[in-house]
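Structures follow.
Below are two complexes that have chain A in common, paired first with chain B and then with chain C.
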Partner chain A sequence: MNGSGSQKNIIQIRGLEYSYPPQDDRPAVPALSGVDLDVAEGSFVAVVGRNGCGKSTLAKCMNALLLPDSGSVVCAGFDTSCGETVWELRRNVGMVFQNPDNQLVSSVVEDDVAFGPENLGEDPSEIRRRVDGALKAVGMYELRRQAPHLLSGGQKQRVAIAGVLALDPKCVVLDEPTAMLDPSGRREVMDIIETLRARGTTVILITHFMEEAARADRVVVMDGGRIAFEGSPAEVFAQTGRLEECGLSVPFAAELAQLLREEGIDVPGGIVNAQQLQDHLCSLK
Partner chain B sequence: MAVRDITIGQYFPADSPLHRLDARTKILGTVLYIVSLFCAHSFSALAAAAVMFAVCAALSRVPFGFMSRGLRPVLVIIAFTMVLNAAFTAGGAVLVTLGPVRITSGGVRRAVFMAVRLVLMIFGSSLLTLTTKPLALTDGLEKLFSPFSKLGLPAHELAMMMGIALRFIPTLMEETDKIMKAQTARGASFGTGGPISRAKSLLPLLVPLFVSAFRIASDLAMAMESRCYRGGEGRTRMNAASLGRRDLAAAVILAAYMAVVLMINGSPLA
Partner chain C sequence: MLVEVRNVTYTYNEGLPFETTALEDVSFSLRPGCFSALIGHTGSGKSTLLQILCGLIEPGAGSVLADGTDLYEKTGAALAARRRIGMVFQYPEHQLFGETVLADVCFGPKNLGLSDDECRERAFESLRLVGLDPDEKAGISPFSLSGGERRRAAIAGVLAMRPELLILDEPAAGLDPKGCGEMSALMRSLNEEGTGILLVSHDMDEVAALAKQVLVLNGGRVAMEGTCEEVFSRGGELARMGLSLPAPAAFMSAMAQRGYPTEGVALTARQAARKLSALFGKRGGNGV
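Right after this comes the complex of A and B.
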């Protein structure tokens, strides 16, 4: 039962509309209006946008935590609105949330990682194998008997990622996983995202940090519940004006490159990270 | 008020004979221990209970300082019980007379007896949570209660709820601390004034705490759902606990202990 047979898109979203239901005195709030998005298998896509632009809602739609009002979301071949396959879908599309504290279920790291495979009803030996594998993949194997509240934010988030990896997903959706972390925690999480990418897992990263988005294969800019524009990081971050309209800035390296260009220094477009800028500036002389 | 003081529900990681016992054995053992405390009618029977606790505590390799931290929050309750018992138990020689209240030697005896019993009860039950991982504990409870699930008792749900409650104690503590500091920074004062103004001052603490507890609950529910949680049906366990020779030994020791307590109760020593 794999997809609609088209090319290898792990996620296909067509005309997705979603409104949060009305509450007490508040009317319904439209969060997504007419989103179309394809994500190729094995790619790393960053979704950026200001607060309230609908990016977290979009992430939750991919995991069937929210169901579309209209339109369709097909992930890993499963339509999210089909109630029977929702668990198959969720084991294939893992989700990591913003607050590392609020997504860990157990008081011991390895038991928390085991939570997912236990829910799937795997054999104890298979669960053990997956838990050890997932913990090693995020570099938390040594701390497997630790209590989560004694870990740093970055470590907690790594445990949360391990908990998702233990489900053996094809795709991992991370909803602002670094928003509550300090710079070193942020680096830890980004390094793991690179590992996931190297393993061929599709990564969808919802983020506020342009430096993180610059590392993706593709950047999707959202504004007002729809996709404003998208492209490779080089293409997206060249459009400073459009980004500012969406309430976003460009990565520091891209901004610096632009300023240098205005000063008449020969810096090509498409520079999005410090390494590229450094390499180019060093080659100038 | 330090918020990190409560050790109930706090697992102390160590490798000891007590840690390795099956959770079910430890739960039933703890229940038996508490029952024995209520059966004990004499100081000598309580002494037997204290010896039992001391042996278990030594076996558990949990530092005593760590254990006794759980006692501090209930000291007030113990003191209150002592005062009530001392004041309203008649019998024996009158020691002090305060207006209508006569404190008798029998009352003092009873007050001390109740205090020792309470302290042992708290220590004894905290030993369970100190040496048992919360998930093992809830697994144990689930297994103990599963025979009743046919009668409609939601054993799995109760166990899961308890496990989550235990997991979130430190998180909610931190949250409380944060809210307290934020409110203090805005001029609120906690722990000053009379009991009524103290209770009132807790309001700006409790309301945000409840709000944040609900937010955490909703986040967690979403995270659990996204990790394929759908109740206890068809769920397996990574560490399937099984009763071993160790548990049999523990059961024998506990039975012997209970017999000793009952014997002391019935003996002329009492």
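Right after this comes the complex of A and C.
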């Protein structure tokens, strides 16, 4: 496979199985047991599931940090198990992790963002262009000369995202990028995700926050190393019972909508955010 | 145990160009068996206050008294008083180090000079409290536990010191919704058995569901103090401090702005539903 093939699906996963290898006295731990997933180019997909359901393992399989035991993972046209194209693959599929402090390598913000393009051996003028573009996209251009340790958690995470954007990826995979942030940091990161979506970058967001998942085009629910069910946020969050079986909850607006229905108020299905519910209620009277 | 914080001030880098005042004249008290929450925007001084409360950094001015004993006196009584306050830091599972869960949980009691039998007894009791079966888990490595179990094992290590006041900094961060529910249940049951709890959280829904008293820190000062109802009815002021409301209260406040005000504050989805039903339901007028 090569990168030139046109693909409607930027990620194609077939029969993916992965177990963490045995360690000392510990046996192998199966993490993924038969995952099939297609992600349309330019879409925003949220992956949710309880701790240990395999969602982070799935993310790591998307840019060849982990290789399938069986099955296949093809991202941006590159098969992850093909060693020759792994760098090309990783340039196209960027990863952002949970802890902002573990992802910054330099003592100046713009140097950190330049790390990727420098390693690709790009021209200095091209590096400058990419770094400036990436920092502007995440709203950190003004702070480009700052030392990362003086930034807030949300700002650090924005710099980490800029470092990925400087490689001009087709797809960005974010593994619980907001878990360690305060509410305003979380808002900053979610705003950047909207920006990415608007630019046409495919976004895979792994999260425990149902409010964040409700903003995606599609929600994938994982449990026990498999995809339990999936659909639009409206479809997924209508299934309170199945979500609870998977150790999850519904966004507040969906919960309130259900309670209002029980009170005999006419509330249509498919409400997943507060704005929709407020609009509907205000239209009643 | 009654903990009184009196006129505490703390300044980082005092006398240096980067001098910053983290806390300024902070006073409040935590009653025996309390369930209090401490909220504040990042940089409001929460972490500094926590470190002062558990005896890690000495306040520049003011004092912290536990049942009248100053925590920062250089006496045996002060040391004993500090031991009655337990601290669960953020991501406490990062601090696990024992070869077995039992060894890890016993570390605290061992340092109190207790016998092996007593340590073991306390460890088993603490593991049961956090919902880990000691017969099954005590002998295995803490690193073979799942993420949520690891966190509970780390908390067991703090409980083995039998603290009378337990301070928890974002104990549910990074847990899945079910894990968050279990953490809430654990805090509630510890509190019901008499342990005072001070919860630090950014999650206003967690605070509203658990705390009886809320303390709001802003710019190093106590900005508000009261019940959840009192504090969360002041949404405008909280927003100016960079804080949000619990989801039900935020929803009702947005409805009020759109011309549908309601009396009082809603802290749960059910309370919000009841208020909305009065407005939009059959009894409320021309609903369906």
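Note that the second predicted complex is superposed on the first by the 278 of 285 C-alpha atoms of A that agree within 3 Å, B and C clash if a C-alpha of one lies under 4 Å from a C-alpha of the other, contacts with A are read in each partner's own complex, and residues count from 1 in each chain.
Everything below uses one rule, namely that contacts are C-beta pairs under 8 Å (C-beta built on N, C-alpha and C of every residue); 3 or more make two chains touch, one makes a residue touch a chain.
Source: prediction; values computed, not measured.
Novice: Regarding the shared-chain residue A:95, is it in contact with chain B (first), chain C (second), both, or neither?
Specialist: In the superposition, A:95 touches chain B alone.
Novice: Between chain B (first) and chain C (second), which, if any, makes contact with A:184: first, second, both or neither?
Specialist: Only chain C; A:184 stays clear of chain B.
Novice: Quick check for you: in the superposed arrangement, does A:136 touch first (chain B), second (chain C), both or neither?
Specialist: Neither partner.
Novice: According to the stated criteria, A:278 is in contact with first (chain B), second (chain C), both, or neither; which is it?
Specialist: A:278 sits against chain C, while chain B stays out of touch.
Novice: If we overlay the two complexes on their shared chain A, which of chain B and chain C does A:242 touch? Say first, second, both or neither.
Specialist: neither
Novice: For the complex, give me every residue of chain A touching chain B.
Specialist: Touch list, chain A to chain B: 60, 63, 65, 87, 90-91, 94-95, 97, 99, 101-108, 110-111, 114-124, 127-128, 131, 145-149, 160, 163-164, 167.
Novice: Spell out the residues on chain A that touch chain C in their complex, using ranges where they run on.
Specialist: Chain A reaches chain C through residues 26, 49-52, 98, 152-153, 176, 179-180, 182-185, 208, 210, 247-249, 252-253, 255-256, 259-260, 262-266, 274, 277-278, 281-282, 284-285.
Novice: So in the complex, which bits of chain B are touching chain A?
Specialist: Contact set of chain B toward chain A: 11, 13, 133-135, 163-164, 166-167, 170-171, 174, 215-216, 219-220, 222-230, 234-240.
Novice: Touching residues of chain C toward chain A in the complex: what are they?
Specialist: Its residues touching chain A are 41-42, 144, 146-148, 173-179, 202, 205, 242-244, 247-248, 250-251, 254-255, 258-260, 269-270, 272-274, 276-277, 279-282, 285-288.
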